[in-house]
Amino acid sequence: MSLEKVVIVGASGYSGEELVCILSRHPNVELTAITSRQQVGKTLGEVYPKFASTTYASLKFIDSTIEAISATGAKFVFLALPHGVATEFARPLVAAGLRVLDLSADFRIKDVSVYKEYYGEDHLAPELAALSVYGLPEIYREEIRNAQLIACPGCYPTSMLVPLIPLMKRHLIKPGSICVSSMSGVSGAGRNAKVDLLYVECNESLRPYSVPKHRHLAEVEQELTIAAGENVRINFTPHLVPVNRGILTTIYAAPADGIESWHFENAYAEDYKASPFVRILKGDALPDTKNVTGTNFIDIAWRLDSRTCRVVIMSAEDNLVKGASGQAVQCLNVMCGWAETTGLIG
Amino acid sequence: MSLEKVVIVGASGYSGEELVCILSRHPNVELTAITSRQQVGKTLGEVYPKFASTTYASLKFIDSTIEAISATGAKFVFLALPHGVATEFARPLVAAGLRVLDLSADFRIKDVSVYKEYYGEDHLAPELAALSVYGLPEIYREEIRNAQLIACPGCYPTSMLVPLIPLMKRHLIKPGSICVSSMSGVSGAGRNAKVDLLYVECNESLRPYSVPKHRHLAEVEQELTIAAGENVRINFTPHLVPVNRGILTTIYAAPADGIESWHFENAYAEDYKASPFVRILKGDALPDTKNVTGTNFIDIAWRLDSRTCRVVIMSAEDNLVKGASGQAVQCLNVMCGWAETTGLIG
Amino acid sequence: MSLEKVVIVGASGYSGEELVCILSRHPNVELTAITSRQQVGKTLGEVYPKFASTTYASLKFIDSTIEAISATGAKFVFLALPHGVATEFARPLVAAGLRVLDLSADFRIKDVSVYKEYYGEDHLAPELAALSVYGLPEIYREEIRNAQLIACPGCYPTSMLVPLIPLMKRHLIKPGSICVSSMSGVSGAGRNAKVDLLYVECNESLRPYSVPKHRHLAEVEQELTIAAGENVRINFTPHLVPVNRGILTTIYAAPADGIESWHFENAYAEDYKASPFVRILKGDALPDTKNVTGTNFIDIAWRLDSRTCRVVIMSAEDNLVKGASGQAVQCLNVMCGWAETTGLIG
Amino acid sequence: MSLEKVVIVGASGYSGEELVCILSRHPNVELTAITSRQQVGKTLGEVYPKFASTTYASLKFIDSTIEAISATGAKFVFLALPHGVATEFARPLVAAGLRVLDLSADFRIKDVSVYKEYYGEDHLAPELAALSVYGLPEIYREEIRNAQLIACPGCYPTSMLVPLIPLMKRHLIKPGSICVSSMSGVSGAGRNAKVDLLYVECNESLRPYSVPKHRHLAEVEQELTIAAGENVRINFTPHLVPVNRGILTTIYAAPADGIESWHFENAYAEDYKASPFVRILKGDALPDTKNVTGTNFIDIAWRLDSRTCRVVIMSAEDNLVKGASGQAVQCLNVMCGWAETTGLIG
């Protein structure tokens, strides 16, 4: 089988670096180009010493231009760019017939007024937002198969939507009852030279931020509303904690009347029986980010609390893998008709 | 002024060590004895190299017996012992007229059936539980003043009760609506040689535990029920995160009808105007454990979310100081009629 | 090609766990059994939740007996056992014709009196120590090819020997001048429930230990003596630092008269041109453990200091991979005639 | 006794912040002003939430001008400024008769050609360098007493000079034999928004830097040369490790002929019997930064290695306290004739 050529645009952030890592181990893919305006002409191994002597060590960064990308002959392009910048690339690439997997927030929100509310500016390409598919294979596997533009979900949304959607679809929990507390490793904030993200400021520090209206709420509520068939609004509080990677999400909700634990169990079993990256924990086990770090798994457990008539649902994922780059490669696998785990479980 | 003699029973755990630290800087106190069955005859400086060359470096550990403690002439005794063991000491010490500050859970629960439900065994001294005062000075300052037995609150309960009680008393939030997510540093689990608490197991790990019924729920619900004047049941999920110290608690609740942010502000201002360790954050500030580490402060902020009709209340404290030893010393200050901050702010 | 069957004896420590991880991705190997006296009958996925849904998730732990191991039909056995215990298994397995890769210290020391000096007891199988090959492929590649018993090097020794042996062989540095300071992540101390290894004791702590005579000195001096052709004694100080993984070693030595930087460069180029895991850093680059974590690479740089007539040589490796399990798999690759990087670079 | 007024110029870095912390607890001092060009008009509590509700919470930052500083009436001024900037302040303040404690490197080097070699530019005030006293009270206590300008030592130099000077003075070790390996917490790099200092880049990372010629070598060799009475050149390799605070230094040296362990013991006992912050560890104890974090102590131990005829000397200190701000306050205590421990041990 000939290898599928792919390009990564903007490979100098944490997500881009993780994409290179994953694609280096992918048996069906040839990483044919990486782009970065600052690093043009340097090799991957020079810029990231960890990649020295690995498969793509001598691959050189090329300029981030449409011409350069098109010239590679690749059919698939990953965009690991800041919010707002992705659109500039997606439009001409999509127009040129390439299939684009965008890791930014640019195409996740279908309703441009919601986009404006959360991102503070007009959407630049509503027609692309309209045709994009939300890249959560556990939910949109069929739509992803033939999509031309994938809007890969945010790291926090993945940690909420995978556990919640099967429950919302079946009306197992009351839509107005959801409160979510998440904690994330610092890589989620990107490789940005800000005082708040310095080692000394983050180590031995636990802190909430963006309360009460983090941007990721927009896509979470959009998808929960679709699943529930009614308008859903939730509370969500992200916290920054001193780990490099990992998101642990704890969700509180009120089960619908008469709902018991086995309803949850059945819902997950049914929806995720063909989803190799969703692990429903058994017995006494609870999620721990260290069990998913470096993997594309999301671990889920729940406990009904009869004293308060609430359920506590917990999930753990690696924010850079299942929360970003691994999920994007999972989408690529679906788009190419390969086994969903190709290059992701070994 | 002559110094007040105090004794610490069980000074080899993290709380005991922190008590020594704080009392070393306390201008009105003489630490006259420390006890430990394992370390009898050794000096503090030998057992804890960090105390070498400090005030009590050459203080020797004495045996943990009532006779030895009584012989010191101290009127105040801190018990930093495991749950269950404290009762053995409290009973004879109280009988002998000493004033006891117990850091364990032994006397926090007034209802012995609740105690049995959460701690799995019959209470050994219900009469002491009955006479004890819950050692949260912000709430029970007057009762603490003349108490003979103080049941110092748990670390998690402090982080919930200080922000919640002023609201419950005034019926500003709906009692059935409370969900709490807390994250704690590893010192909260004590100096216990368990695989789960090893560096490698905790570093780069985020994990919930004791879901849905952590033992601290018992005292939290007891105190919230007293404040609200009606039965209160809440959800509480503790998480272990890789910091040495600090608890960050995030609380979700539904405000009562018509309640706005200024009702909260007034409640806190009124109840805590004379509470020097409660810091109500202003403007954009949110709690961060690194601002309270090593101090007896508890930092509190809240945000109303009009979209969901909920309030998010956040608090930060040092689990070993305001959550344990600092609070115990704060109680001592109250009992002795000293300024509440004596030895605790400098 | 049919898969080569292998067994891991003692798969419940950090090295055993890492072996499972690496072998799960190895294309030529079938992990046919894992043994553990405590975990018999449980599956890998049950004991280590991180392995759930991966290749060997439902592999069951079998008892650690020679019969059980032999019954698997495997020709290769990894021993990931405590020092002393490995001999009990190696003797009958070697006698039965199996090829054994031992990760313990049991067979590394050829001189049984040195073994006794450092390990405090008589060697139980000097004949096996005599026939074993020291499992450092960069040095003993040819001997490993047909070896029946591999004594895999310690984590610290690997970090010193790879950079030093090419220099010693060529007499580029003065044998009596070597001082080594290493720092190691806490996983190097094993999964042992000891107070000193608790999160709170290791976090925010930097400490030397085993000064001046750490056990690993024995094998280091043995191998340096062989390389130099004369008796070599060195100073070595290990330090425990708060990372999960990684060893950073800094070596001071006096270059022989007339030796300049290019002599070092040539020595490394010549000796390691066919060693895919040795990365000699160029330009301004210095080793950083984060570039080798999770890989089998060892990164090396050096600087001559003309002011003091000394050279500073620095290396970085992952103590569990190049320092233990990865190196053992590298040996397996050599023993089987596979490319040395098989299953180790992706 | 009336309080001594002091000013901190440049209180927005880690050293300045630590100075505020220490001076807040100092019984003889009134912090009369803090300056910062960026923060003029804001209170300390606003800029650093951790200082809210503490002694100087409402102290406002004033502009960093000589006029403003002079107007405070303070006789003592701490300069916690970047290298190079301190001179601009020191010159007029010294001229105006104030006593200045400078935490930068500006006045540590007596030989301006050495200054130029290490700092890359001409010294701007050689006359001030000449009159300054090196602020290491353990060595220069008498000179500090009446000094007008103190050049406070660097963090690494303190960790080397305190253990080495008593040995050099007595010729107990061979001057040409010294190799030093140090590891430092990230606060040593200052509060600078650089990618290399981000949490994700430092966590799980161990790395040497500035090899072989770190700037601190200049002052270390200057002071060792003075102590030895002959020219001393050493090797020194600093490493960045993931802790907030702490320096652990390991020194290798060859003892002079006939020198045994008791010579070292006597040297330290004699030189440091009146130095309350030097702790010479006994028995099996080795330095551990966690025993000195937050204190002004420096812990020292050594081991002679008869196999190699070398001694290994280890020290631990808090880089921000004994390595910077605590030491500066210790100097202030000496200058004012107060007990050296005032405000520093409690």
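Which chain is which? They are A, B, C and D, in the order written, and residues in each are numbered from 1.
Rule of thumb we're sticking to: a contact is a pair of C-beta atoms (placed from the backbone, for glycine too) under 8 Å apart; a residue touches a chain by one contact, two chains touch by 3 or more.
Quick caveat: nothing in here was measured; it's all calculated off a predicted structure.
Contacts with subunit C and subunit D are shared by A, B.
Chain centre most remote from that of subunit C: B (centre = mean of CA atoms). One simple way to say how far apart two chains are is to compare their mean CA positions; for subunit B and subunit C this gives 46 Å. One inter-chain figure worth recording: subunit A and subunit C are separated by 37 Å, centre to centre, where each centre is the mean of the chain's CA atoms.
Centre to centre, using the average C-alpha position, subunit A and subunit B are separated by 39 Å. The set of subunit C residues that touch two or more partner chains comprises 185, 201, 203-204, 242-244, 288, 290.
Put simply, subunit C touches subunit D in their complex at residues 176, 179, 181, 183, 185, 201, 203-209, 211-213, 233-235, 237, 239, 241-248, 250, 252, 286-290, 293, 303-305, 307-308, 310, 312, 314, 316. Within the complex formed with subunit C, the residues of subunit A that make contact are 24-25, 49-50, 52-55, 204, 276-277, 279, 281, 285, 288, 290-292, 294-295, 297, 299, 345-346. Residue ranges of subunit B in contact with subunit C, taken from their complex: 14, 185-187, 191-195, 197-204, 242-244.
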